[in-house]
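Two complexes are shown next, each including chain A; its partner changes from chain B in the first to chain C in the second.
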Partner chain A sequence: MAKELTPQEMLRIDLTPPNKDWMDIPTVIKPGIYCYPAKPEKVEIVGMPNPHVWSPLDDDWGLPEDWKETFLEGMRERLNKHRSFKIFMDICVRCGACADKCHFFLGSGDPKNMPVARAELIRSVYRGEFTKAGKILGRLAGGRKITEDVLKEIWYYMFQCTECRRCSLFCPYGIDTAEVTIIGRELINLFGLNINWIQEPVANCYETGNHLGLLPHTFKQNIEFMCMDIEDFVGVTIEPPFNKKGAEILFVTPSGDVFADPGIYTLMGYLLLFEHIGLDYTWSTYASEGGNFGFFTSLDMAQRLNAKIYAEAKRLGVKWILGGECGHMWRVVHQYMNTFNGPPEFLEEPVNPLTGTKFENAKSAKMIHISEFTADLIKHGKLKLNPKRNDHLKVTYHDSCNPSRGMGMFEEPRYIINNVCNNFYEMPENTIREQTFCCGSGAGLNAGENMELRLRGGLPRANAVKYVHERFGVNMLSCVCAIDRAVLPASMEYWVPDVNVCGVSELVGNALIMEGEHDRPTDLRGEEIPGFAKAEGEEEVTEDV
Partner chain B sequence: MGRNLHKGLREILVHKKGPIVEKWRELIHKSYPPETAQFLKREKDRFSNPIGSSIEDSIWPLFDQLIGEADPSTTKKLLDNLVRVRAVQDFTPASAVQIIFALKQIVRKEVLPAAQKKGLLREYLEFESEIDRFGLLAFDVFMECRERVWEIKRNDLLKRPYLLAGGMCPSYMMKRGIKHLEKLKKEITQH
Partner chain C sequence: MAARILFPLAVVLAIVAVALIGGSIPFLQPLFSVALLYVTFAIFIFGFMAKVINWARSPVPFRIPTTAGQEYSLPWIKWSKIENPSTTGGVLMRMFFEVFLFRSLFRNMRTDLRSGWLIHSPTKWLWLLALGFHYSFLIIALRHLRLFVHPIPGFVETLDAVDGMFQIGIPPLYLTDITILLAVSGLLIRRLFLPKVRFISLAADYFPLFLILAIVISGLLMRFVFRVDITAVKALATGIASFHPVVPDGIGAIFFVHLALVCTLIAYFPFSKLMHMGGVFMSPTRNLANISRMIYHENPWRQPPKFHSYEEYEDMYREYMKEAGLPLERE
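Showing the complex of A and B:
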């Protein structure tokens, strides 16, 4: 696919690209845009088909002999199984309302990243292979046959969609291109063609319970290390409960919070919050991952990996489940878990033990979001807070696609931020809440090798951050998603270098007034807080060891 | 260039600024595929059209820099705004910065005849050289952007939690490990 240029071609500097039908514009797979292929052993671990070594830049992708039949059979099966997929294939009128709503189109300018075009890559095969008109008229009816080049094109663009669903918001028919991508990726996975950044976390999660492959003792140790930091920076000793049978609540968060900067500071925020209110809860070293990269592989895989959450809740005998700050985890929890692996009759409707609030929204799935929980605590005056400790920050809030568009959580994080910070500024209306722009790296695209793609996709969000940075001096971009926390720093580094990224619970942790705390000249990152640091000449803060 | 720009030539350029910059914008839009070019032109909301707004925000003041008192840091900032986006898109380095050099085609059409009539050919050519200088500066900016992308890739790799079963992120391990040792040492000496 990627071909060597001739000397003539090298000398030509085209300023204007050709005006041709999209089917006539060959897709050139470029480094910086794609993610490395799945390692065969990681495909094998979870029993997925055709594990093999291959490269997107090679001509031969190592497809099995009968791949075309498999593809068409896979498509037929899914057209029958998912009514939504069938409808989305049939009803698009190509009105174009979704065309300019995708962050990848807005950042790349590549028309094949228009949601309608992305779906059309598969829809054209549907027409050409499954509909009468398409079979007879072919291209005249917008149909084409599945070929290796078509499969490669589908592969390239299915991994340029973060399944963020922004496009669906604008479609008069409610066509959700994210669901087309989900099916597209399922088909790709029939041939061992996943990307490694998704496949390896899936394999890890299957083997150890979390994406990073942290074994139970490592998982526990990492959290204990964070408790040591809390001891240093706050002066309170926390001994978090692990695998505690009979605890009231099971807490599950993405493993990125346990491991990756700046997620770890968000996790310190959770620890402080639970200590502050004396919550009867437990961590689990088995259900040690809230995220679910299986969801970016196939719905079956999502179901398999998700199963451990209810299983662990049952084993530990908790009453209900509390979830940390994550994005796609909430799409799975909110929209799938209950039917994937539930409903969990052995659990109770979540009730906040401190306020008595019943979370009726989670009556069936029995799991609520930490922001819902924290907001409820604040509303009932259960938290002692000093928002001045966040006064050096001018904060804005990025609605992560899944908690906002996927589950409708808009107010809780804002309510929390307004209570723990004094300087909060919203980004422009058409870039937040339902209309939020994706971070540009979700749905398993948060690798490093595809950085150009990530930066393109991150442009619309960064463009709005830049605006509030220039206008109000915003220097902190908060969010409630572990992938956001992992990827937005890179996007900011490129587009708006003076803006940092944090989780909302980190802001909470910094504002909480803990019983028995010592002077806190620094925040949870160990950085001095202006106005709280001791002036020179004053006595040094003695560390309480 | 600014001060050195011949007064008569500047007058022509100021007079023609509107049509020149508008054509320049069109040319930049058309460096994208046709569907995209149409969109960039049509959508006026700056948040719904980040590429278009970065172009719009840069080209007008850039042209002012060309015909007025160019301030190096402003010029660089404007070029950065224009080129940073292209540096991560499907452009070769040449086609990424060519949009600056291409301004010459437009100015030649719009201004050269009038300049010649006034006997300002030499001055006109000097002005074109100034555009070249901006083009070369744009290349500097482009390279800075590309180097930044590589830096970010490297940082991402260094920060990336290693997917080693049972392993820990090495830097985190070191940071925490040292702290832990120090604490133990203190405890031992105290008791």
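Showing the complex of A and C:
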């Protein structure tokens, strides 16, 4: 297990694959890499097939009698539903451009984690079962039949891909391993073989409205606790509205921010920002999840969980929706939500009530990103900011995969950071923006039992952080993703101790000069800010135009 | 050596042998030229169309471009019109760079682990070899039009003149003769000797390389070593192109080898990875604008979602909600 491996031991990685045919290398499912299986009751709640007790280490995975037919029928159905999948099965030339672009390959050296090889696990079944050459020539044509061992291998590696799309950036035909993984996982889910770390949040989200299963009153209480912290650290009283009909804006963020450190500080940032500008908005306990673990299960499940956001916006009668900082949430919101459950004719084209800016890029889906919103506010001078209050931080910024390669939001967060911080350092250019590396635990792989996988997958990102830590003394890794905030602390602790993780909105919250605030010797974490113990520097207000 | 390397090599050699024999027997020559070309060309046309139609029959349910630059958002933020297009013009530009200049491959870099540091460094070899191969092949194919079309089109003459401008040897060696030989060899050497590429390579990856290499070599042999009667070849080619085929006497057997290899390539094309030529145009991560929030994209097989409604939710948690002072639809 990872806990026993030192970083030096973990770094003994051989990136040279063996001189063998990959089909001759048997797959061994290893502890520390795989995640625990879905509990049957969690599968049942959402009405998914074949709920049962099983273990990846058992020989018998409790597959239904006719599983092969189901698998092949499922594959045929998806080939007919997704041009992407069909084309990606046919046109890969195996040039190898993607091979060393995957964080899991770079961190583990497991050659089946080269994106091309991972996709070949399924492509070989496509060739062996769906093409004439593969049916006749078999392995010589790169084809193989679906067997239990093949299914287990597919299962193992579909949960070693975080759908980050870095490989698709480098592919000359845009083959997107995320598409293959999404469909591969859909096929796995035909047999109740999800991992519990995904299935349980899905079931929770379905019933309670959020992944963590926070009941309505708990959700409200948690946020009220944060308001108490704000009262202590800032000295302003905030009474956030919940399920308020007729509010102008519905705010939805991943529930991770409501629950755990350091996401809660990001949420305090949101609260302060909304209070600062007097925004007419509301939280919802029903649509209390921006993230969408359904997206890691099946597109159908993603649609079902996502449906609550528009439904709640309609019920509450808001004008438009504002979304918090989250990675895959924004892949879903940006590229899927409108198609899933839109277009929301009952909403209005988003307009910033303070600046009058029309968010034209969201005029149909009617949902905008908090960073787009905040950047617009700063640009129009609507925020009173004192970036000195972040002077104790040397900040770098991790572009989360989905807002990068599934949306293209690069400048807004940087603009915000540059306005609320004085010390900002970029990581090396091949590791940021569209070329950013995954945190290593996305797409529902942020469990505890697969820590070795997570630390290995986190290596490329951590390595780049280490570079700016050693070179510039960076001590804060900012991001706009709740999974990042949940998992990067473990990765940092292992690979780059002394670097903390925060959301961009936490930095905003630190810098905001609130009306009626008292002396603020500490930041939102309650940690003392050097030089602020006696409330100095307040008069040097920097307002950006 | 593994079967995935030896088998395709053996197939190419077998084609050479069969064509050599067939091409040496006069009464088989029509079969190994006219019939073979007509049949394989038909396979190519219909096979290619069938594949593209087959792809087109699957819808694009979601708008999923891979965004490689700043999105179109706030008016004062500079956006990447090509790398992250939000207009049709932008998409066309992106596709142009992808198809004609291999934009994504140009982005390639290698990552190595050296004393605890992952080093990412740009590498253009694959891009250079790929570009060199594809453009050499294209120019050579266009040059061959001089055999089929009469009079020879101006651009073919120009291409010929430019390609042969160095006037090395008699007949002059074309520039593309050298570049295609280098590029194909380079791609083959990569596959054989780079461990990562070798690991993922299939027979279907070696076969086109061996085949194209054999085509190039047989073509060069025909031009420089076992000279064939070029006027006879031209008579055959124009006859085929005008659907009045005649097979003149005295064409050397090496010509039939060259032709058989080319015919194998065109017949094999629609059923192989070579269809990336058509597929790249239809790849949803490249040919769509990043406007999912701006314009509604319809999924033809969309079903209304079954989800836990607010009413069910309130029924489930009404007491808790009441106690927490949350507003209720029904008391």
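Here, the second predicted complex is superposed on the first by the 515 of 545 C-alpha atoms of A that agree within 3 Å, B and C clash if a C-alpha of one lies under 4 Å from a C-alpha of the other, contacts with A are read in each partner's own complex, and residues count from 1 in each chain.
Methods note: contacts are C-beta pairs under 8 Å (C-beta built on N, C-alpha and C of every residue); 3 or more make two chains touch, one makes a residue touch a chain.
This structure is a prediction, so every number in the text was calculated from the model and none was measured.
Asks: Given the alignment on chain A, is it a clash or a fit between chain B and chain C?
Replies: Chain B and chain C clash in the superposed model.
Asks: Could you figure out whether chain B or chain C reaches more residues of chain A?
Replies: Larger number of chain A residues touched: C.
Asks: Identify the partner contact of A:T16: answer first if only chain B is touched, second if only chain C is, both if each is, neither if none is.
Replies: Touch partners of A:T16: chain B and chain C.
Asks: State whether A:R485 touches chain B only (first), chain C only (second), both chains, or neither.
Replies: After superposing on A, A:R485 lies clear of both chain B and chain C.
Asks: In the superposed arrangement, does A:E207 touch chain B (first), chain C (second), both or neither?
Replies: both
Asks: Classify the contacts of A:L215 with the two partner chains as first (chain B alone), second (chain C alone), both, or neither.
Replies: both
Asks: Quick one: is A:S108 in contact with chain B, with chain C, with both, or with neither? Answer first, second, both or neither.
Replies: first
Asks: Classify the contacts of A:R144 with the two partner chains as first (chain B alone), second (chain C alone), both, or neither.
Replies: neither
Asks: Just to be sure I read the superposition right, which of the two partners does A:A260 touch: chain B = first, chain C = second, or both, or neither?
Replies: The answer is first: A:A260 touches chain B but not chain C.
Asks: Regarding the shared-chain residue A:R389, is it in contact with chain B (first), chain C (second), both, or neither?
Replies: In the superposed model, A:R389 contacts neither chain B nor chain C.
Asks: Quick check on the superposed pair: does A:F225 touch chain B, chain C, both, or neither? Answer first, second, both or neither.
Replies: first
Asks: Taking the contacts chain A makes with chain B in one complex and with chain C in the other, which residues are shared?
Replies: Common to the two interfaces on chain A: residues 13, 15-17, 19, 99-100, 106, 111, 114, 207-208, 215, 217, 221, 428, 430-431, 459-460, 463-464, 467.
Asks: For a test of understanding, state which residues of chain A touch chain B in their complex under the given definition.
Replies: 13-17, 19, 25, 30, 32, 99-100, 105-111, 114, 200-201, 204, 207-208, 211-215, 217-218, 221-222, 225, 228-229, 232, 256, 259-261, 264, 428, 430-431, 448-449, 451-452, 455-456, 459-460, 463-464, 467, 490, 493-495, 545
Asks: Across the complex, what residues on chain B touch chain A?
Replies: Against chain A, the touching part of chain B is residues 27, 30-36, 39-40, 43, 45-51, 53-54, 84-85, 88-90, 92, 94-95, 98-99, 102, 145, 148-149, 152-153, 155-157, 159-161, 163-169, 172, 176, 179-180, 183, 186-187.
Asks: Can you list the residues on chain C that touch chain A in the complex?
Replies: It is residues 2-4, 7, 51, 54-64, 66-74, 76-80, 83-84, 86, 98, 102, 104-105, 107-113, 116-118, 120, 126, 130, 190, 194-205, 271, 273, 275-276, 279-280, 282-286, 290-299, 301-303, 305-310, 313-314, 316-317, 320-321, 323-324, 326-327 of chain C that touch chain A.
Asks: Once bound in the complex, which stretches of chain A touch chain C?
Replies: Residues in contact with chain C: 8, 11, 13, 15-22, 47, 79-87, 90-97, 99-101, 106, 111, 114, 116-117, 120, 131-133, 140-142, 165, 168-176, 179, 206-209, 215-217, 220-221, 242-245, 285-286, 299-300, 303-308, 311-312, 315, 333-336, 338-343, 357, 359-365, 367, 372, 375-376, 379, 404-412, 415, 428, 430-431, 434-435, 459-460, 463-464, 467.
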